[in-house]
Amino acid sequence: MAPKYHGVDFYALDSLLSEEERAVRDTVRTWVDDELMPVIGEAYIEGKFPKQLIPGMAELGLFGANLPEEYGCAGLNNVAYGLIMQELERGDSGVRSFASVQGALVMYPIYAFGSDEQKKKWLPQMASGKVIGCFGLTEPDYGSNPSGMITVAKETKDGWVLNGAKMWITNGSTAHAAVIWAKTGALTDANSIRGFIVPTDTKGFSAKDQKGKLSLRASDTSELVLQDVHLPKDAILPKSGGLKSPLMCLTQARYGISWGALGAAMACYDEAVSYSKNRLMFGKPIGGFQLQQARLAEMLTEITKAQLLVLQLGRLKDQGKMTPQQVSLAKRNNVNIATDIAREARRLLGANGILVEYQAMRHLANLESVYTYEGTHDVHTLVLGQEITGISAFE
Amino acid sequence: MTTVLAVCEQRDGALRKVSSEVVTGARRIADALGGGAEVEALVLGSGPASGADQLGTFGADRVVTLTAAGFGTYAPEGYARAVVDRAKAGAVVVVCAASAQGKDLAPRIAAKLATGLAADVTDVVVEGGALMAIRPVYAGKALLKVKLTGKPAVLSLRPNVFTPVPRPKAGAAQTVAVTIPAGRVTVKGIKAAEAGALDVAEAPIVISGGRGLKEPANFKILEDLAHAFGGRAAVGASRAVVDAGWRPHADQVGQTGKTVSPTLYIAIGISGAIQHLAGMRTSKVIVAINKDKDAPIFKVADYGVVGDLFEIVPALISEIGKLRG
Amino acid sequence: MKIAVCIKRVADSETRVKTAGDGKSLDDAGVKFILNPYDEFAVEEALQRKEKAGAGEVVVLALGGAAAQETIRTALAMGADRGILLQTDTVPADGFVTAQAIAAELKGGGWDLVLFGKMAIDDYNSQVGPMVAELLDLPCVTAVAHLTIEGGTATAEREIEGAVEVVQCSLPAVITADKGINEPRYPALKGIMAAKKKPLEVKPVSLSGGAIEVLAMLPPPARKEGKIVGEGAAAIPALVKLLREEAKVL
């Protein structure tokens, strides 16, 4: 059946999309309406990722959608991939995070840095959702500064031994395989960082869900502990090397998140518009009052700008010209305006806006995580600052 | 002598109520065409159907029962052939019901006559000697006024709209045996849905429930309310509760369910999604009961009561009971 | 199995319906067009039948303007093998004219099954399927909510008032699909990409004649503004009084 949510398109941007891109977007939009929206409120309150959706997502082809067909993936271009993220996050940031991790942070590094055997072994299973993955970079004491990580991988006669801990890992407790980044040399040597595929049932590997989250509740966020985890030689991602490798993965994910945050903003705006037309106060719809109109006008303006920004970013990526700094600008902007829009939408909804039946507050809470993860807002500010001036202000 | 053919419908040897609506519609057309046009009510079956003698009351000049082996149950190809043969003997208009059977039969009749079908019509007029029909389109959001130029013209009438009006005519009955094979499509049997259940598309009163009922067992209070109307009410359902498996699809009112046009439609615990409204917006009178005063259903309803349906419906049952003494 | 599925591009049911300048048709500015929901059931049924048979071809046919190619591609994305567009700028008001064009295209095609949705959600005509069956002289069952095919015999269940009718016929046959017959699949994203490469033939047709002429498209009669009678059970006596004396329905 056709989607019930109609998106936001004030500048006729659909005309800039190809028929396939629109078809991809519409299919995911309908799927989210039919399968995700009915269950997300409850999943969020219970604090559980709706695992029952995984087979449906896989069948649709949502995992690693922009990776090549020879690995069982959809082989879509990057604008289509972005539209998928947009529509998933229109549903929920936690669910979109699941797909981002699986595609951009697990399948992508295997695709980019793995051997042919690794690609053939893991990618089709991950595309089909049989194997869920997670990305282990962040540590309890090393978030914005991943180069300081203390997880180590010592080479042995038969392979590797990994020791360390990771934190804030999406999909950690559900994953069958973890892509773990560890230093193979001295702790001061960030160039010795390599990637490893760690089956999560390996002795010494454990994952525990972090409790007490007030954001991204429909997502599994875990601590990972690696205690003398022995891996065979071929567990390493042979073409990985240095911090550059995980950062390349993050660039992929951040690209998707720029679209995703926009999707959340569109959902909040759409809900606010509908509410403002139907909610009567003082004898007329609240959409007839100046202050509410100002809110809605601001939202629409920022959404339209964000849409154009991210569309061009996608076209650049498809041309092979996209730079990480361009992604930083998009992630920083789109997440920032999305948090504003979610907050203003929540306020427009009045008392109803605190109920889970309405989306705004759930998006508002989620977007705080999105603001912080994948490079905080402030980190991306400094990335741009360095790009503009040539001077690093990180330390 | 011009004839307007009214194709009636029988089940198990008894005429279905929609037949009197078809005759009423045919009578209206015949009177509008003037020139002494006659209404011939056509019944297909294995023998005379009970209730056929009433058709004269609603304007049938004659009632012709066509019988053949295999006509006892609906035989799509045989019925179509029989009606078309009859129509070719001077009918200018063929009128069917847009019932389940009619929606299957009317297109076959039209195609055999190599002409078009104005389906699911809610009004007919004759203007300047030409037959016009009004039919709802786009889920009832618009009405199309169409001119039928076929000879004969074929149309099907939406059930529950052409309220039977007494316009007594002779209604002389005759039975004609025809040698027409039943055809290649055979009705093997009829599985009864529920004993005595009135179909939502034909009941004069429809009481529909949605997710506000909270659980399937609570539909009992709607069934009690239907009961309070003394056999004239059917219980319908919104898509949400049908999809959730609480109610059968046959009860679903809405775009992917049934389009209904009862005299009284009571929407209980239904918010009023567009797809639902599509199925009931042509009801004569709409009452909505919902705890949310901003629910879209109130925009379409003639009368609304805001509050807890679990308190309101019992009060309504009691009040209706008082009316019936 | 060789299966033909006839589909239609229709306006989404959420469409705000405005009459175009000619006074007779839909103003399509800003209207979203989709594959007719009942046709989705038909496409899904065709795909399932072909998959069950292990071999065969599902051909999707539409009659409409050039934009209907997108609708055909939606069906190709679901898994149909090839598409045919009978291209015409105006879809006839007379379903029989449409049926004639479709039957002419399908004639002699050696189809095991010809599937339609039971009706289109724009014109609510419910007629093209059985009319095509007449023209092709094939048995036809309409509004099928459940279908089994065994050894060349189709057994169909269709809803009638208050009951379910069980109908049988031999293949080849025309079936029009109703909700309940299956659960249409989402076009997989891979399917959307594959659809681009599948054959889609565009054949211009010129249609004329017909016995139904649209004179006007009118808004529905305005319902009188409704009123909230009151709150809670206390409002019931007033409601019943109004239904009795004002609306006169009790």
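All chains are identified by letter, namely A, B and C, in their written order; residue positions are counted from 1 within each chain.
Keep this in mind: a contact is a pair of C-beta atoms (placed from the backbone, for glycine too) under 8 Å apart; a residue touches a chain by one contact, two chains touch by 3 or more.
Nothing here was measured: the structure is a model prediction, and the numbers come from that model.
Central chain by Cα centroid: C, whose mean Cα position is closest to the mean of all protein Cα atoms. Compared on C-beta pairs in contact, A-C and B-C come out with B-C as the pair having more. With centres taken as mean Cα positions, chain B sits 53 Å from chain A. Mean C-alpha positions place chain A and chain C at a centre distance of 39 Å. Look at where the CA atoms of chain B average out and do the same for chain C: the two points lie 21 Å apart.
Residue positions 256 of chain B each touch two or more of the other chains. Residues of chain C found to touch two or more other chains are 13-14, 37. In chain A, the positions touching at least two other chains are 1. The touching residues of chain C, when paired with chain A in their complex, are 12-14, 32, 34, 37, 40, 70, 73-74, 77, 186-190, 192-193, 195-196. By the touch criterion given at the top, residues 11, 13-15, 17, 19, 26, 37-38, 93-97, 99, 121-131, 133-135, 139-143, 145, 155, 157-170, 179-180, 210-220, 223-224, 226-233, 235-237, 239-240, 242-244, 247, 249-250 of chain C touch chain B in their complex. By the touch criterion stated above, chain A contacts chain C in their complex at residues 1-2, 4, 6, 19-20, 23-24, 27, 30-31, 59-62, 65, 69, 73-76, 80, 84. On the chain B side of its complex with chain A, the touching residues are 256, 294, 296. Considering their complex, residues 1, 278-280 of chain A touch chain B.
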